[in-house]
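Going by the order they are written in, the chains are A, B, C and D; count residues from 1 in each one.
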């Protein structure tokens, strides 16, 4: 069986397991107060060129989104998001669970547009009855988006400029950050991205870790008592050093970027294959998620050999399916996939 | 350095790491829908002799307490707990974060008494103004308690009887369950305990797992859409099979019980040692946590060689310290500890 | 000055004040346990022809919406609403404050369409990943809507049929209920409406009461411990009989309907006037809210004599303004308004 | 029937009704943006000698407590309260509903002691594991307390000093404020009290208003976007001027204080009567609530003529009952009560 249904179908990069084994009986203090977490944070700060950043390791993506938003928003504020944002449609209402409204604006293949953002913020500012409505207290975007698309440097610069103009923090969901940064179409470096937002996370779960996301508050702006908030949200891992070791490993010898590049290379090879085989792409994704329009009649055979993801039904006889490559995809997996397409 | 400050200072039992390595590239489906979770659940149901139980694996203890209570309580209900309960004093207000009041009754070395429970429930029932107050919707106890003490079969039977009489579920926090069940003073088996409550968890984090707690709804009473609630609370692990593999391993060849027994054997050896050395025990704990009253002047030397936990200051010249043995404690660690006491 | 900016610019119908004066020193028990509340409930049940209804009086509209939704939804459920629904855009996120997501569908001049509702419910049912998303636990509609429009009997019947098919309660926001029922275009009676939903409220605040909304659970379906939930939400009025007296008065000698009719008669007279004067109506409202497109240059003069509401800017030189008639509008007010249009 | 069961059994002072009638058709703007609210705020600021105060009118006491605490606390903070505080036992968990823990300290006839407060705050500051626990973000006390007792100037000064030392705001629940200030034993004036706290409310509901509490943030410290938070909590009254008119009236010609004095005069007369009649007082209350220990055998006869409140059962043959005088109590009511005691 070939695994393309998501980028989190394998446990973790072997080097991570090796490090956990090696340190198994070290006897670390709990809750992320250990040296591995310390070292990992230093490595990430260095990679981001953000010496003042404050970093916390969290177990998963939805948890991170909920926690970051609940701590950067005032209780009466909402968060602006594309209507296609992961927090809006795929997190079971976790943001609302913490009391906040999601203020949606259009998503275009997953991306928001600066003009829509500005219009939304201006409309609130101009509304005489605004005190009866929910003010935006942050902007949420994902990089890459849920559709595999990415923002260019100029797009992100414009968006962040608007956020600063209206004095709301920009939070970037980086669950697949490495797959975005390693895209051939990406004109942003990690430090550049880190300087164009207020908080983001370096996704681990989908990038070769057993679990874990590194939340980076980019300029000494971690909310007060964040540790307590993490605990209060049930998100504090007892054996916090396990997250530290993983990010220590991912940020040693550029492993994080190498894993990202592997997925992108495989994805580009796959995209080429899909085009050659005559498949219509649902959208032109520059990252590790590729979307093909497939005749329904071909699916049963494909499903026998390949794990893929259902995306949507554009019409009665076709299906859009998603192929996700990842840190563990091997180039030869694409070759084998070619047989079934 | 000797590690006695908690039972979660080492990563996990080597067999667990071996199994994760072995299955690293299996390509499992996410979110606990895999076969390892399925097998692990079957093994736990068998060990509990609860064929109708419904089980879910959660990442950590506070998260589990918050999630179970928020899903078994009606939104206007509170939970009864000893004032010394972990949820009351050590979870950063996670239960209240989900909107519920904790209704405290006295704790006696961590344990509640049936008479106090009954009095509380009767007082509400007898109160003409009760609709202005928070009704109890569940009882929370821990086994062993935060003080290492355990309920006897007759005590638990009486407590559960009251819960059934007043129609509220009993939830047992089993973060250290194995250390309780393996105590020489415990007259309860796992199946007996499982049949004397409505929901409990088999703690993994403190019992040799990297992380994870197995929540057991004992009689097909998992709350509706529990999966969605888990996600909504940010508690759904993407690579859910990692929890499955761990519990699969812990419930193979009685590993869970063996690890519990090891900790208890070490704890009893330690207790004997403390008594022999003339230390006053703060309380007579039958499980893996032992509490000794130590002269403050001895602490600096001890701290050089031993990781222990601060418990409280009974007076100006003494300190109560906690020694926690665990799955990873070796009998020779106690011998070495003897040198420093 | 003429008051057309809302239907709650005057305190209350004089008969209500007379009754409060008359009963001032009666010495009633608190929290709605008095006889006036009892009588008022009987009168409403009779008017609705719902002998099994359970009724509670709440102070205001947003409070009622928040409270009803939070008590009829399971904690993980959301509520379907038109994107133009009052709860979505004008209540400062009160529904999300209680932890629930609003699941929006299109609004057409304020009304939802059965097809959109069915599509939304079916999409959830058909989604293999639905457990990662928020299930709908209720439908919210307003009657009349925020745009003054009303559902016909056949429309409401179809919508309620879908709710029953998918087993979700239908909640009707009746803040302006009387203005809807008394519309010449309304083909629904109060009993018919009451039988086509699970819970609705008879709005008092906008219909001649000082304050207050009568929440009607139409078939003995008031949520358990609703009184406690009301208190928990801060919505329990100490002097509850004040609400009872007001609804007692409104439902004596058909006062509620007479007040509704007065507003509608004035609104229809106003609409005729607007058309005669050559104003373009923004939409064809059959109830007490009338929307006219006005040249911006006329507004300063109008504003000198008339209190009206700003609605929106359709272009750079025009404004849509809202005229709301109400229980206190006098026919001669329309005559006077004619001078300024 | 004599009404002593609470201080909110009559609707309101006749002057208030007269003013509402008089202004019935004024056509005020909604939501407290009217001139009556403005005037009322000025009058209260003058009475408090707090020119920088910011004031908001809220409908009821539980609502006010919930709202003030939820807006002055950070989301992860709790509030310190006597275990006998109204928020702890009689508000159906409204504070926890908004996500906050109540951190209880002992209550002595309703009052907290400075030493307990300091100990609690110091314990947190000294706790190495404090980040796992809920920090106090405010202190809640009531004046008078639920037991009718009051703080002296020196007690309040000491308590407020501790709050300032630990940088947490002091919130005083003044549901019965006027009854406290008019007590012969009170050595605090309204301005003095206002300068010894950060936020308090002037209770209206129990002091002659139909409803309403005036929340006073004493030094330009109203939380940002408080209006929006009020709306979000469902606590914004559409016809806000009704609250304005009531406080305008209460703070004209010292009516508020006169009503307070009337209740106190009646209460002192009642207390004297109880002592003369040989009743044991449950506690020595200096305000409008008086507590007498009564033989159970006398209760049936008493209940025929007198509305009183049940307080508690000290033993099998006695009951502590509460007599509450109020703004509407007449001296002759006490004379008549004498017949039944």
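Assume contacts are C-beta pairs under 8 Å (C-beta built on N, C-alpha and C of every residue); 3 or more make two chains touch, one makes a residue touch a chain.
It should be emphasised that the depicted structure is a prediction, and the values quoted were computed from it without experimental measurement.
The most distant chain from subunit A, with centres taken as the mean of CA atoms, is D.
Ranking A-D and C-D by contacting C-beta pairs places C-D first.
Taking each chain's centre as the mean of its C-alpha atoms, subunit C lies 33 Å from subunit D. Subunit B and subunit D, compared by their mean Cα positions, are separated by 42 Å.
Taking each chain's centre as the average of its CA atoms, subunit A and subunit D sit 50 Å apart.
The residues of subunit D that reach two or more other chains are 76, 91-93, 97, 99, 131-134, 228-229, 231-232, listed in rising order.
Note for the complex: subunit B touches subunit D at residues 76, 78, 89-93, 96-102, 128-129, 131-134, 310. Residues of subunit C that touch subunit B in their complex: 31, 70-71, 74-76, 99, 131-135, 224-225, 227-229, 231-232, 236.
Interface residues of subunit A facing subunit B in the complex, by the touch rule stated above, are 1, 3, 5-6, 8-12, 14, 17, 20-21, 23-30, 59-67, 91-94, 97, 205-206, 210-211, 228-229, 231-239, 241-242, 307, 328.
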